[in-house]
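Below are two complexes that have chain A in common, paired first with chain B and then with chain C.
Here is the complex of A and B:
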């Protein structure tokens, strides 16, 4: 696997040799893009922070991997933490940051020591002065949003805020801040050091109704059948979810796993999460479960997300418990679209993606459930 | 910079948000969470507009050259209505049907939303308290109260707790406002767009005593009421309604209508004497005014080391309450026990003040401006067409110095007018202290008293108070008013809040001052008479007993 290659801190020294400007040129040439889900060119973000004048700047590593079904960052932290730390040091050098934070997901607290060890080791070997602090999140999904991370590190309630100003100009403690995903930063040293580094190789987190779930490294643009072949599903796969926020689509062997191909169909590949759903599962029950997750995780700041996710959950629960009317499906659709279009942060904007796509591709299941009146059955949890 | 809003080309300032630019150009965009002067939070998501086929909140979006903004498309309207619908369930029964006059209901009726598909879900306990009450069931989490409390008042009494739809505004550990360091300034009431926060009403009690034939019910009105009460009767902001107000209150059944301005004049006499005494002694400086009960409570919680610096004067309406039940009762030969004193104040903190045990308040009920208007409406008085009447002369003669108490810097100005003349024996050539006027957060200046340079400063808004107190040792005399702009923007004043209104009220206050023949407290004949017949002189033993009080350290 590319991500498990070791660099022995050579990339850091090469970076010092190259200097800041040339390094950014190099990253531009190599085509490294953000791996958190937005695919924003990494060099561009770095350049923005570098060019913002300030005597204090920060680098934050987003290790708050809260998306259901995503576990690629955990994999990297577990198996190659040195690479991340080296990436952080290089980023801090490029943007002139004296302090870096790793915002670690609360559930990954057991990996803290591993990171600490790596920090100590790499700093010793490279002699870098950048201070790296690990901040443990307290379990809020919304803290995967970069502005919420900033509030959380500042010691405030982990609420997102509107952009602009973007963190690159006014971030942590109102200073220019670079926020990158773990996978992005881990790829930085590899991209710098190895000429055969492949920007298309992505880590896919595969889970769901498969017998071999896990992290698979495949080039972006691979057909989904190849990934499923590795996952070995027991039954016929009916649908795939690209994480909760990415939405779902009916399974076909020809789905091409690349952002460009999937985004056209109202779904988002995001952080390359694939959840396989086989024929024994009900999309309505799944939608109810996911709606519960968002209802629980909404931060409560903006109206559509706070009130809307709750109303959606109630409506879906009614549908799964078979005491809904057919008009409720229209209400669901309307609400889901408004929540997507008008929410403040990424959480709200994507919280109903699963429902919008489910209603588009699997509306029949919802309609059938509404029509069935008897035979009440508990929702699968 | 030029942008296009609804296909109309508009020249605009790049530092103003789309919402404000639209407002400047007469385009109405509904919003609940945006308040003038506060940083936008973009919580309510009602001020949506369409830019590049995307919906964005106009309060947090700034113009870019050639931007095309649409405020009236079907997409915008639908999204606004659904977001408003999500906020409405709790308001359906209470406000929607009764057509209450707060922002949410106004916006809803403008949008044409008739039916809400959702049921109410909020189940919070309503709060009890002496001054400010919150009903979390009506709250829509717009965050204006939290923002005002933190950014303007720097008190941080309330904040959000929990998340998702369990998120609600609360004091720490779900305490009640009554048991914690809330200053009761009532700015959150003015900020609330849905009436979830309100003052503790004393209307029923007042109406009851007004019907009681055995009691002599006397009312007094604060200086700023005359500049704001008219708004409740659809008169333009800044209309002086002194005469109509007096007439209306008499129609309600009050036996006497006194003017708190006289209490203010008494405060000035005492305070100016106190200042001169401290100048003579050389300490303790700075001396700080105590007319504002919200500031007093704030001081007792956060700045109790300043207790020796505080003037010991009671607030004007308390002074007048005392004088009504002692001096006036004796003069008019009424048993003080049968007198009921009602104060009409722009303030919610005064309600709390009158319950302070050490004060042994002689004011029985405090009404806010809003309550006074309700009272007048209750007695079906045709306010607009009333003939002007004068205050009862026994305790109703006022000076310009008393009137300007209503605006920030006014107490200081009034005190300096008197202190200067008492110290020097000379007439002031220019009676207006311009450096103390206007809406600035902190105002300052100097004056020579008894050969000593006295530096004075006035702060309004408790955030500014904190700023001023950081350099308190530079000053000799400090005035602090808890509400931004002073009492004219008190927590009991007519809603909704708008800076433009506050400015107009301030203008009206200074206009009234300029119009009055007497403009200095010590020239007030009734004040002179009270000292001659009753109190001897400022700071005498008797006045200490009656007109002064003390303060405590309070826990946070």
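Here is the complex of A and C:
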């Protein structure tokens, strides 16, 4: 796997040799883009922070991969943490930051020592002066949003902020801040050092009803059948979820796993999460389960998300319990669209995507559940 | 120089005392000058910080899609019955606290839970029973 290659800190020294401007040119040439889901060109973000005048700047590593079904960052931290630290040091050098933070999610607390060891080791080997501190998140999905991470490190509730100003000009402690995902930073040394570095290779997190779940490195644009072949599903796969926020799609062999191909179908590939769901599962129960997740994780700052996710959960519970009318499906659809269009941050805007797509592709299952008599009670949560 | 990070401080308190008590919040307020409301507001925002006393063993069991489609609901029901508590509660003997939580990133080994922060994966009822028995 490309992500497991070692660089032995050679990329850091090459970066020092090249200088800041040339390094940004190199990253532009190589075509490295953000791996957190937004695909924003990395060089552009770095250049923005570099060009913002300030005597204090920060680099934050987003290691808060809260998206259900995603575990690629855990994989990198477990198997190649040195690469991440080297990427952080290079980033700090380019943007002139003296201090860097790693925002590690609380659920990965057991990996803290591994990171600490790598920090000590790489700093010793490179002689870099950048201070790297680990901040452990305490379990909030919304803190995957870059402005929420900033609030969280500042010691506030992890509420997202309005943009602009963007973190690149006014971020942590009001200073210009560079925030990159773990996978992005881990790819920086590889992109700098290796001429055969492939920008198209992505880490796919495959889970769900498959017998061989795990992280698979495949080029963007691969057919889903290839991924499923590796995953070896036990039963016939009915649907795939691209995480909770990415929505769902009926499974077909020729779904192409690239952002461009999936976005057209109202789904989002995001951080390359694929959850396989087989025909024994009910989409209605799954939708109720995901709705509960969003209701729980909504931070409460903006009204559409706070109230809307709760109403959606109630309506779906009623459907699960067969207490609903067929008109409720229309209410559900309308509400889901309003939440998507009017919420403040990425969490709210994508909180109902799973439902919109489920109602589009699997409406019959919802209708059948509504029509069913109340003979068996099933509560999904 | 290292900045004061409230989140890390609250985590330390919880590690030391098991939860974030009113007394600890007041003490932190005196020490740092941060308003009580800010400290308490932060402490209550995060799912992993608790303002109520917790049991000796904290179980955080995941119920997000990857675990859900692999039968996490049955395990939760089993735990609730076995420990006679529901999510968010602590057993009378202060041994176990149970929390249904969001994804813990162990989707490749689902269903999974964290026992005092350590992942227990590929759970079955039998495996859970063994784990519970081992907790002394």
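Just so it is clear, the second predicted complex is superposed on the first by the 378 of 381 C-alpha atoms of A that agree within 3 Å, B and C clash if a C-alpha of one lies under 4 Å from a C-alpha of the other, contacts with A are read in each partner's own complex, and residues count from 1 in each chain.
Please note the rule applied: contacts are C-beta pairs under 8 Å (C-beta built on N, C-alpha and C of every residue); 3 or more make two chains touch, one makes a residue touch a chain.
Since the model is a prediction, treat every value here as computed from it, not as a measurement.
Three-chain overlay on chain A, with chain B and chain C fitting side by side and no clash.
More residues of chain A lie in contact with C than with the other chain of the pair chain B and chain C. When the two complexes are overlaid on their common chain A, residue A:289 makes contact with chain C while staying clear of chain B. Look at A:372: by the touch rule set out above, it reaches neither chain B nor chain C.
For the superposed model, the angle subtended at the Cα centre of chain A by chain B and chain C works out to 70 degrees in steps of 10. Once the two complexes are laid over each other on the shared chain, residue contacts for A:310 go to chain B alone; chain C is not touched.
Residue contacts after overlaying the shared chain place A:213 against chain C, while chain B stays out of touching range. With both structures placed on the common chain, the touch criterion links A:174 to neither chain B nor chain C. Legend: residue contacts after superposition of the two complexes on their common chain; A:241 is shown touching chain C, with no touch to chain B.
Of the two partner chains placed by superposition, chain B and chain C are both touched by A:157. Within the superposed three-chain model, A:338 lies in touch with chain B and out of touch with chain C [touch as defined at top].
Of the two partner chains placed by the overlay, chain B and chain C both lie in contact with A:140. Between chain B and chain C, the smallest C-alpha to C-alpha distance in the superposed model amounts to 5 Å. According to the touch criterion, the shared surface of chain A, contacted by chain B in one complex and chain C in the other, consists of residues 140, 157, 296-297, 299. Interface residues of chain C, counted against chain A in their complex, comprise 2-8, 10-11, 34, 38, 41-42, 45-49, 60, 63-66, 68-70, 73, 100-110, 114, 117-119.
Contacts from chain A toward chain B in the complex involve residues 140, 157, 161-162, 164, 295-304, 306-311, 331, 334-335, 338, 341-344.
Residues of chain A touching chain C in their complex: 65-71, 73-74, 105-110, 131, 133, 135-141, 152-158, 173, 205-209, 213-215, 241, 244, 275, 277-278, 281, 286, 289-290, 293, 296-297, 299, 380-381. Across the complex, chain B meets chain A through its residues 40-46, 48, 54-55, 57, 60, 62, 75, 78-79, 82-83, 86-87, 117-118, 121, 140-141, 143, 159-160, 162-167.
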